[in-house]
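In what comes next, chain A is part of two complexes: it sits with chain B in the first one and with chain C in the second one.
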Partner chain A sequence: MTHRRHLDLLVLLLISVFVVSASAAVYYTMNAQSTATVSAAPVYFIAGGDSSGILDPGTDNTYARLSLNAYPNVTLTYDQAVNITATATKQIRLSHVSVTPNNNASVSNFISVVFRLINAGDTEVGRLMYNTTGNIWNTPSPTGYIMINSGEELAVKVEIKAAAGASIGASTTIVIAVDVK
Partner chain B sequence: MYDLATELLPEFFLFLGVDFFVALSLLTCIMDYFRRGVPYLYEAAAIFGYVNLLMSREFMSAWGEYMRFSYCFMYLALALANVIGINAYLLVSKNLWSQAKVFASAVTFPTILISAFFFSLYGKDASQLFTAALLSGAMVLGVGIAFLVSPEKIKKHMGRGGE
Partner chain C sequence: MKKETLKFRKIRRSIWLVSLVFILFCSVSQGVVGTEKYSILSLGHGIVGSPPVLLENGTAGTSIIYMNSTSARVNTNASIPTYDYVLRIVNHVSDVWKIRLKAYAQNNIERLTNCTINFHNSTNGTSQQISILNGSYTLQTGIWYDLKSLDTVYVSMIRQASDSQVSEVFIYLEILTPNRTTYAQYVLTFEIT
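== the complex of A and B ==
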């Protein structure tokens, strides 16, 4: 190679390093940009047949607080404690978040709390079962993902059983999540 | 199904095209078969791609993803056409069979493979596949026309020079 070609190569190499690194930096900044647009949640809670007096729907129906009763040595069932519906076809599941108190003497006042997902055909499509062993709540694994079509309603059926001789006023708070994908 | 940690943006094809043009610039500078201006021309093409990348960032929200994909892929197709063109130039015009074979296996084939790989990761729907096929077809047609109207020497080599 001639001296001039060496010089050309050096110049081109310098420009190349600049162009490639600058392009990579620009692409990286583009990748780091993100746009968040607020839109209505495609899956939300609605009142079910047994929601009256127990359901406190959160703002925009994306949160539901249920105040349920439990009686000693008997299973109390809420067939439609709250319903879940969708505006687009999605997959949902129920998963455990927290249970309080736990590892505490008051836990033994309860036997079980079961959340069942029931479809329009009255078939159970998912179940989240909490039961106690002494002072410990046994927490469940998430249900499998269940398809929910636009406009379809899935009922959340809750069954609660308190222990025989349970203390009046004992309470527990269970937080579960509806995962959507 | 496996997902990429970060989804590819359409501008990735622009970035890939810039890299190919830069590589072409350096390769044509090293090889003695090209005029002095050719590497600078490819460097200019790379800078043009970089400017496009900058513009794309500024107008990212205004342009739809399909439009961004179309012009980014067109730029990449142009870069690939040049890689193939250089290969064909070595083979047909310069009659350098061994160099052309080395270039094909070391540069042309890997660049096409890399492009196809990233397109397979990005391509989500039929419209993108259709656009890519259309642009690739146009690129092949462009290269073909370039050969038809190419200098007499190439035509001669192809057996039509004496007509």
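== the complex of A and C ==
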């Protein structure tokens, strides 16, 4: 009786392994089919109130280049340097990608660059803060994921401050990512 | 007794079956309910430029203009109630701006019975920007005032204190690009004895 029960379970287990393998094969085929369809990214950049003259939008609005001014010993704020919107409810966060130059004397021309994510209620929902220590840029951790609803618009507010006595023409390039899931 | 043992075995077998079905479901659905993830990139390129608006010394009180002429400290240490003018705000470019004062911190202002900071020039008249009456703010942020092309705005003060201690008011001079929300903040410190 006990052997019979074990035999039953073994057969059942084999059937389950077979079904799992079969399911995986079906999934693979479906995946190959879906890659053939190109669709617009559901989260993308759009111009904000301060974008004119500073924003160079990339193809498909999935890349945004911002040309920002900085003045010595002055905090210059762009309330809406660029905005982010969505066609479906998603979660997004800001994360650091790169900052150049770094570990270089030119870095000391800057005090800080702050990217703030601002919602329609003018509330900050995420922040990436870069600041300098001598010739080094201190890079931030990613923000937490926040929800963006379909049709909602979030502003990217940028604050940039150059050091007192900063050299005219000194520059920095910061690349950040908007991670979507 | 034997009947109960059989029943127990049936229950155990059912649990096994349900567990297997559950494992199967999880295995199959793992591929189907995957999360789509991607990133879009923003590149910020900042370049240090010459400030278009600069601070210059006034003719009343003592003003220290710091490096780059984008921050200043004003000291009114005489027993004169009116100081006109303690600073000049000079537009060195043909662009027009809107400017205002915003007090963001203070020390020992309780002794100030009257402290008023104004903008004025020959074309726009006088605009009260900061007001402290009997130790409390009655105006902490001024209204926007036009700084025209290559124009100058003068900063004047009226002050009265109840004793000879020292008070400090920390103020941003905000310079707004018209029709935008892009603005610069210059730090001004007013020391009042």
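Assume the second predicted complex is superposed on the first by the 145 of 181 C-alpha atoms of A that agree within 3 Å, B and C clash if a C-alpha of one lies under 4 Å from a C-alpha of the other, contacts with A are read in each partner's own complex, and residues count from 1 in each chain.
The rule is simple: contacts are C-beta pairs under 8 Å (C-beta built on N, C-alpha and C of every residue); 3 or more make two chains touch, one makes a residue touch a chain.
Predicted model, so just to flag it, every value in this text is computed and none were measured.
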| item | value |
| --- | --- |
| Partner chain in contact with A:Val74 - chain B first, chain C second, else both or neither | second |
| Touched partner set for A:Leu9, first chain B, second chain C, both or neither | both |
| A:Glu124 touches, of chain B and chain C: first, second, both or neither? | neither |
| Residues of chain A touched, compared between chain B and chain C (which is higher) | C |
| Partner chain in contact with A:Val180 - chain B first, chain C second, else both or neither | second |
| Residues on chain A lying within both footprints (that of chain B and that of chain C) | 5, 9, 12-13, 16, 19-20, 23-24, 27, 31 |
| In the complex with chain B, residue positions of chain A that touch it | 1, 4-5, 8-9, 12-13, 15-16, 19-20, 22-24, 26-27, 29-31, 33, 35 |
| Residues of chain C that touch chain A when the two form their complex | 9, 13, 16-17, 20, 23-24, 27-28, 31-32, 35-51, 66-68, 70-71, 177, 180-187 |
| Footprint of chain C on chain A - complex, ascending | 5, 9, 12-13, 16, 19-20, 23-24, 27, 31, 41, 43-45, 49-50, 52, 62-82, 95, 97, 109-110, 113, 115, 156, 158, 160, 162, 164-181 |
| Touch list for chain B against partner chain A, complex | 6, 9, 11-12, 14-15, 18-19, 22, 25-26, 29-30, 32, 36, 39-40, 43, 46-47, 49-50, 53-54, 56-57, 60-61 |
